[in-house]
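Two complexes are shown next, each including subunit A; its partner changes from subunit B in the first to subunit C in the second.
Here is the complex of A and B:
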């Protein structure tokens, strides 16, 4: 974008504007485009979710407003805007007011490092992944603030639950990403995507693999386990069923949103769906190659890039369109999976949620980090790092050995931990029964 | 799936020994099957995958014949004659007592006719039990399938006869088998009632051409047999009193009786002296009655042959009423008497008014 603006202003019109002005215009444009796309994503996602979940429950879903109900979210938005904004008398007015803003803002920040297509990233930060997750946990502050400021027991309970859940599920999420970061050796999201070219085997692991854009991390044992753990953690972070405990409407009305109405309530909704979109997007990016897919790499190689200034501008557009298509297709697929999971599973209890996070996911992701270290050692290290015996092996051989070892490690860890976990759960259930018997004198 | 009563059905839930995480995947599979199946519409409720939704304003469920919502009245398509004979069986059977019937009278003889003059059902309180339709010996009241009854008017659910009338052909369209069962008897009974209905009484009010046809038919019949002794409408025999006259007479008698019986009635009453207000009221009533009668006489009477008769009758009634009132006023009247006299006067005035109209 910067280059295009620069070309347009300084070369075509010859105005000779300074670099900072060009950058300012470029970033403002990008931000504007993103802020226009984001609410529409949210609108579409709500519609998509309602239709999909209705189908799963043998219903039809909203289909009255516009063709097949496509304007239903617009109608909902109009409703939200025209609703009265009620602030409870006993609420902390200012905190109550800025709470939704604090929740929404981080989700918007997260778009700054999200690559949409080849060369289409608003800002390629070298610590993009860290930025993404660091910013995402800021919204917990907003949740807590709005829940507390509402001066309502349900809101406070919901906020407490939300924060507890977010804090405990950040750990497995970040640990599973740590395994990937170990493998790639970079925190830049763009690097993560470029690493995933190839065909089932990353061409960065084994040079000479044909580039079909399918060298996704999910095809490795380390990546697969990390993907499962990360997606579960993402469900919990996005407060999706079965982890929608903070806003469990059958228990605590609407959680931290209880005392909000009108557009403030709408902002929470916006934040939630945008966060879900982002989590689906980051899952697609980290484990499923983001915009990587058959054809994008080849198209982008012909395009104008810093590495290839003599390319053809048409290929920029083609690669962009195809890349964005792949990226959005994967993202929406994961959103569909979220809806699917919501349709299938019941809500967890808060203690079950904590048990699952701390007793199963965190050990599993810790084992996965060790597996990732072994993977890196076997595929990348040499005599200089103290692994002289792998020097002589062919790259494919090294990859295969790493694959088998990490697969065995992860499988053993998975089955062992699941057994331990289920035993502990059985024990807990037995104890609960015992307590119940003692209290009620009914066997 | 055909489930017999008392049979035990063992559902195969494909649940073997579950390995870690397998139950979760099975749950996902179930939901997936439903999602895939939901793009097909189900024909019946034994299918478990697929939508059942009937998109109501666009499409409607086919209702079973015996479905019942609100009662309606039937009339015959050909003659327009209502099946109802105002026998009050439905009104008696109605648990919330929302059926109100007025039976029609022959205007000439004053006798009851097997037809309803007005038939009101308060739909708002009706509980759709269908007991009225069960009770009806003439199959005149039937349960309708129409259910979109909402209204923004409080009285919008008080259905009069004009709102309740439905042709038999409508009922056969919604419940053909049920009508076939009772058709013969109902039509036979209808023929019987038609014979006892004079003039156009019993024909659904909105069927003006049917009413006209019936009138023509009656005229033709009358022309065919000129010395019709039964049709004595224009010239009532002097010996017979018209219903209005009768009513006036009755009122006068009642008033007189009240006046006469007054000493007996007032005996237990502590205050036996005549209050000037009572006497005034009685006089006023008498004057009013007289005025009404006068007015009736003055008004341009529409029915030329009937006018003199009415006038006479009304005058007579008024005079009688006035007399009675006077008598009551002259005697030491208790409030009771005064009331009775007033009532009589009002009745007489009403009768006169009605006649003049």
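Here is the complex of A and C:
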């Protein structure tokens, strides 16, 4: 990007601008392109969700505006712009105004480190993963601000629930990523993707595996457990059914959005779908290789890259197109799974939600971190690290031993923890029944 | 590397201005006809009683406290994870003790009933 603009301005037009101005233009251009793609995608996602969920519920869904209703999101957008903005008298006007802004801005900011294809990342930050999750938790502040400023009991209750849920499920999400970071030894999202080349076995674990771009983390016991835990936590972070209690419409109207109308409501809606897209994207990147897939690695090896300046520019385009296709296909698949879950499950109660996060997901992901450490020890270490006995084994043998040991560990942990958890839930149900019985006897 | 962080600065400003543009556009397009009933607090048709700035359920704060402890400990674990390929068995043992303490803390909280929603 930088080089293209430099060429255009200084060579073609001969303006002789300094490097920082070129950089600034390049950065602004990247940001503008991204911020034009993102709302467009969000429109598509809302339409897709409404049609898919309608089909699951034996309805037709929006089909009036345009052929098969594809302009429905555009009509919704026009409505958002032209609707009156109602701010209740009792509300804190300024906090009410900036609340949606604080929710939207971080979700947009997270795109700064999201890789779309090979070599196509706005900024390959060395702590990208940490940045991504640090920024994602900022929107909780905006939710709390808008719930508080509305001066409405439904709004406050919804905001409280939203924040409690977001902070609770952030821990399993971050712990399951910790296992992945242990295996790769890097926090850069681009490194995470390059790590996942190979064929069912990552070529970083066993050198010499043919590269079909299929060495995804989900094919290891550690990665699989982390993926399940992370995706459940992502459903909760994105406030998707069955974890949509912050905006449970049958209980608290619309939660923190109750007193919002017009474009401010539209911003909440936008933030939610963009966050859902980002969570699906990061799931696809971390556990399913992002743009990795058959052919991309080979195409990118022929392309012009810093490592290979003598490459062919055509291959840059081909690798980019194929990579972005794989990435978006995986991302939309996970979005479809989110819709599917919404069609299949009922909403949880808040105590069930909290119990599930704290009593099952957190212990499970903690065990998974230890499994990941054992995995690294068995596949990467040698005598210098204090593991002399693995030194003589072949890489494939080391991989197989690590696979079996971590699989057994994770399975034992899973069955044990699920038993403990369901016992605690049974105990809870028994206590609830007792209380109910006592109350009915009094009456 | 450090100069590249200028990109994050530019992107941050762009992200902050992103919600401003639709809000401004909507400000120019939308009607404004306030009425006392329209501006009253939404409460399912009945008039709202009292203020919302009241004492709130303490359970939320217990979870927030537990969250702070866990989140800080997870942040301690991240540098260890990045350096794990170099720390050897000693580093593994040290972190295992740390994880065991974290786990013991979780069990303690559970047994004390801090994780029960009442």
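Everything below uses one rule, namely that the second predicted complex is superposed on the first by the 436 of 443 C-alpha atoms of A that agree within 3 Å, B and C clash if a C-alpha of one lies under 4 Å from a C-alpha of the other, contacts with A are read in each partner's own complex, and residues count from 1 in each chain.
The rule we apply is simple: a contact is a pair of C-beta atoms (placed from the backbone, for glycine too) under 8 Å apart; a residue touches a chain by one contact, two chains touch by 3 or more.
All figures in this text were calculated on a predicted structure; none of them were measured in a lab.
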Q: Scan A:83 for contacts with subunit B and subunit C and give back first, second, both or neither.
A: second
Q) Which partner, once the models are overlaid, touches more of subunit A's residues, subunit C or subunit B? A) C
Q.
In the overlaid three-chain picture, which partner chain does A:186 touch, first (subunit B) or second (subunit C), both, or neither?
A. second
Q.
Once chain A of both complexes is superposed, is A:170 in touch with subunit B (first), subunit C (second), both, or neither?
A. second
Q.
A:59 in the overlay: touching subunit B, subunit C, both, or neither? Say first, second, both or neither.
A. first
Q: Go through the superposed model and pick first if A:341 touches only subunit B, second if only subunit C, both, or neither.
A: first
Q. Which of the two partners, first being subunit B and second being subunit C, lies in contact with A:68: first, second, both, or neither?
A. neither
(Q) Residue numbers of subunit A touching subunit C in their complex, please. (A) 20, 23-24, 27-28, 30-32, 35, 80-90, 97, 100-101, 104-106, 108-109, 111-112, 122-123, 125-126, 130, 151-156, 160, 163-164, 167-168, 170-171, 174-175, 178, 181-182, 185-187, 253, 258-259, 262-264, 266-267, 350-351, 354-355, 358-359, 362-363, 366, 369-370, 373, 376-377, 380-381, 384-387, 428
Q: Would you tell me which residues of subunit A are touching subunit B in their complex?
A: 52, 55-60, 63, 340-341, 343-345, 414-415, 418-419, 422
Q) Mind pulling up the subunit C residues that touch subunit A in the complex? A) 1, 4, 6-8, 10-12, 14-16, 18-20, 22-23, 25-27, 29-34, 36, 38-44, 48, 51-52, 56-57, 60, 63-64, 66-67, 70-71, 74, 77-78, 81-85, 87-90, 92, 95-96, 99, 102-103, 106, 110, 115-117
Q. Which residues, counting only subunit B, touch subunit A once they are in their complex?
A. 20-21, 24, 27-28, 30-32, 34-35, 37-39, 49-53, 55
